[in-house]
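Shown below is the structure under consideration.
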Amino acid sequence: MMIMDGNGNGEGKVYVGNINVSARKARKLLMSDLKLGKLVDWGTAFSLWPIHLTTSCCGCEFAAAWSPRYDNEQHGALPWIGPRQTNLIIIEGTVTKKMACAVRIVWEQMPQPKFAIAMGACALDGGIFYNSYNIVRPWQIVPVDVYIPGCPPRPESVAKSIIMLQKKIREKQVASKFIEEGWRPDKEYVIPKEDLCSWWRG
Amino acid sequence: MSGIIRTQGAQVGFNDLKLPGMWSRKIGKDLYEIFIGPQHPGSGHMRIVIRVDGDVIVEADPDMGYVHRTMEKLSEVRTWIKGIPLFERMAIHDACNVTLPYVRAVEKLMDIEAPERAKYLRVLLCEINRIAAFLYGFGIFGVFLGHSTMYMWPFGDREVWVELAEWLTGARLTHSYPVFGGVRRDVPAGFTDALRKAIRYMRKRLEDYRKIFVDNPVIRARLEGVGVIPKNLAIELGITGPNLRASGVKYDVRLNHPYEVYDQLDFEIPVFQEGDAYARVWQRVEEIKQSLNILEQVADWLDKHPRTPILHDKFWKTAPPLYKKIFEETGRAKLGAVYAIMKVPAGKAYERAETARGEISYYVESNGGNKPYRIRIHSASARNALVYKYIVPGHRVMDLPAIYGSIDYFPPEADR
Amino acid sequence: MSGILDAIIKIITWPPLWQLVVLGLLIPLGVVVFILWFERKTAARVQRRIGPYHVSPKIAGGLQLIADLMRYMFQEVIIPKTVDKFPFIVAPLAALILSIVPVVAIPFTSIEAYFPIDMSYSLIISLALLTLSPLFIILSGWASNNKFSVIGGMREAYLITAYELVAVLAFLSAGAITGSFNLVDIVEAQSGVKWFIILNPLAFAAAFIGVLLSTSGFPFEIAESEHEVVAGAFTEYSGLVYGMNMGAAYLKRMIFSIMIAVVFLGGWQPYTPGEGFIAGYLVPSIVILIKATVLMMIFSFFRAVYGRYRLDQALDIAWKILFPLAVLGFGLGLLEAYLGII
Amino acid sequence: MSPEELVERIKSLLGEFVKDVKIWKNDYIEVEVDKENIEEVAKRMKEFGFDHVKDLTVVDYMKEGFFRIIYNLGSYDNFELSYYIVGIAYNIPRDKPVTKTLYYTYTSADFQEREAYEAFGIIFEGHPDLRPVLLSPPVAELKPLRKDFVVKEDPEIITKKK
């Protein structure tokens, strides 16, 4: 029997009372054997709470997407206040170099499993500001799950992106796999934090 | 009064500035520094660094520029026509108002003027945008005070005006409607009837807002006497827009420097004397009413007058017959290639307009080329940002969202 | 075999345990889930939208809260390096437990066999227990080592001083009328239409607003205000611990509602407890819980129509209006006792 | 009041300080003065009725080798004056961009001087709080609005940093 600790080494040894091993076993038991994984995916998919972080002018349409006309709360998404309680970041348009640091810090503060939607042409590849000296692309800062094209995208497409993300979570079992296989090893960021936040104080 | 602001080493006495600002004391070691933003539900896309003594703010330092997308620089490397979509990203929910002075400044340099019908159409979209932007501001204000219904209702009603603008221009927010020498489209059939219906609906809804929000005892308690900007201070700081008029200064670009057809329309400039947050709310309600009046007059004018060209002859006479045929049939004026190679005579022009948040001014300088030499934009929100530094000290922490919301600050517009 | 089963049933239905676990935790949790859903749906209704829907279209999005709960349960729990770990984790737990403990002192029936802990000072005991849990909210704010949390905790502290006096005085006025601190006596005294909401509306108003103040309900959602202090004491909490915090706040409001239902709304009146477990215990407790749920629904409706007061204004209201109101209510109770209305 | 009348009044008000006056498109009056006199000019203009700075424009004339600083003044209180914008302009050499602040005369110029400082590197002596306002310090070091900072029309090619 091969038993590994949480980091995947220590083959062939039995660790009595090793908390990593126990945690790993418990996760496997809950997610695969007890079939809780599906429930977790379902819960996560219908409880995508975006964080209040308006990066640019697409925030107008972001706000409209939660207005009575389009009401994205019907999909279970509720804009929430602090990063610690949310699991979705919607990057609304251009990210300036000054904001990029804030985006990264907020992203790092959110608990796993977490997702990112990049909204607008500027978030794709700069859009109308493609040659500005003060912007970065969102994919350089956070790993993006869904892109919404448009300048600005209509509120319907924001709703569509949330539905697409729900589908992705449930089909690929993203949330339960995070839990079962340990936390997602974060993708390597294109721009390291030191470059983004060298000037940040406070 | 011997209050002293201490900012970064230098001392400025209030007496030197003749500013009767609120007196606030600052005690060195007991200050508590709070960073509000850029990720904060009460900040939007900016950061306000406040230092509090107990519950009272003694110093506020707005840290803007989180949405600074360098429009002034980018405009220098793009042709004249590309400036229009670029600048409207400043305040996309107020797009027509924001780009209109740029268009007018370039028209001034070229010594042309839009046809009368185009002027009325510009006013039409400007007022639609203005109402939509006011409703946007109400929504944000409501959510700052924890009143979620006041977020939802104006945002729902704003859709009425956004849809009207979409019907007129083809885009929800980024209309790019006014172009040099005119506008892009004429009104579609049946538009004025829908407009009148929307006006009637909005008048009814304003009464609902009054019941649930403006006359709500909680909201009144939060707003009355908060964030008072006295008249002379408002002038000194160069506050603009409804915030200025709520402080008792009768200044509106539509009145003082009339543009388009505003001098032919019958409307009033509402003025309040109190200068507090509550007066600013009422100011906006009254301005929506005036905008509705203007829209009614524009609708009447459009009904009476048949379709005539909506682009200046300089651009329209070179248009191929096909374009003219399309315009006759659908009311859409396709823009000719002349816009892409357009050169503007050398010179300077200064143009301003009244947006929903106040006065926006463009300094446009051309050296005769096909690109601007220098465009300087100073938007309403950028001017109102001084409120944070000079008005917020002396208030309580919980007043900050009330003041923020009441001056209707929109960071992308301020940061350009 | 049957002996063991009987023994199990006996243990489960042993009033203090039954009261704490079923009436204090499980049913209120269910009610809280319903109330949260109700709150979001009423707000949506007032605001002309749909509210939670697509998670379970057949029951109008009723599973939304379950989905949120599932996410919270399996989300990473972040414990920042800068926090004081022990109080950071223990404080929300303690707040949760302390907010349901008062239920062991509240009788849900007049049959002596089903009293949880029989005592003649149940009103005072339950009030005393109710006022403990806010201390742990202050503690959790303090332990978070976050500026917003500390401010949130301080606001909570200000509010405690304001509402405790009001709520306690308002509830005690019932004791003044009946001349007894036993909740059973108080409920018995309200037979027929002599509910204390009618006899002593002043005290009821003070208690009602006091509950709003104490449980951060609109328009007094100040300590957890989003737009200045980012959820106040709970800024740093994530995952299940945050869910626990939120749950504790709502459970506390539920227990307060039960108290109001017992003291002012006639408890199990107009029903008279009969013989046996069902008629003597289950039905009266259901009557009380329904009354409490209706109160909760009224509380949550306020979210849709009010903004929030400023801290100093809320304290003003508490000290200048509610406190005299509560004193007047107490005086009215004494007057009624003197006139012998009961 | 016609623009010519206003020009006459400004000339009599400022006297020998005025180097040149131009009227652009009937409503924009550009008054050129010397750098040394700017504080006195500003004080007189404020007493005259131009009570706030509408905007502070800096134009970089790279070939000629100077910055032109224009304080565009407007009036709120005086209805007649409010139709016009008066630009008080003066030049400073490009290689020594130091000038005096008008903060103490016009509080409304506060943030705009900071903006000119970050975008052009112009130092306003005496300004109490001269920090970048919009840009982060690394970007402000580029002095991006100067003409010798060239923005390419092509998008920059992004490579993955290691």
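Note that the chains take the letters A, B, C and D in the order they are written out, and that residue 1 is the start of every chain.
Just so it is clear, a residue touches a chain if its C-beta (ideal position, glycine included) is under 8 Å from a C-beta of that chain, and two chains touch if they have at least 3 such contacts.
Fair warning: this is a prediction, and the values are worked out from it, not measured in the lab.
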Smallest count of steps, each to a touching chain, taking subunit C to subunit D: 2
Higher-contact pair (C-beta pairs counted), A-D versus B-D: B-D
Longest centre-to-centre distance from subunit C, chain (CA-based): D
Distance from subunit D to subunit A - Cα centre to Cα centre, in angstrom: 45
Separation of mean Cα positions, subunit D and subunit B [Å, integer]: 23
Centre distance in Å when subunit B and subunit C are each reduced to the mean of their C-alpha atoms: 46
Inter-chain centre distance, subunit A versus subunit B - centres from mean C-alpha coordinates, in Å: 34
Residues within subunit C bordering two or more other chains: 47-49, 226, 230
Multi-partner residues of subunit B (at least 2 other chains): 33, 40-41, 65, 68, 70, 73-74, 77, 152-153, 156
Residues of subunit D touching at least two other chains: 135-136, 144, 149, 151-153
Which pairs of chains touch, using the document's own definition: A-B, A-C, A-D, B-C, B-D
Contact footprint of subunit B on subunit C as seen in their complex: 43, 46-49, 147-148, 151, 218-219, 221-222, 225-230, 303-313
Interface residues, subunit D side, partner subunit B - complex: 24-25, 27-28, 30, 51-60, 70, 72, 76-77, 79, 82-83, 85, 87, 104, 106-108, 110-112, 119, 128-129, 131-136, 144-145, 149, 151-153
Contact footprint of subunit D on subunit A as seen in their complex: 97-98, 101, 125-126, 130-134, 137, 140, 190-192, 195, 198-199
Residue numbers on subunit D that touch subunit A, as the complex places them: 135-139, 142, 144, 149, 151-156, 158, 160-161
Footprint of subunit A on subunit B - complex, ascending: 33, 35, 38-41, 44-45, 49, 65-70, 73-74, 77, 85-86, 89-93, 136, 139-140, 152-153, 155-156, 158-159, 162, 172-174, 412
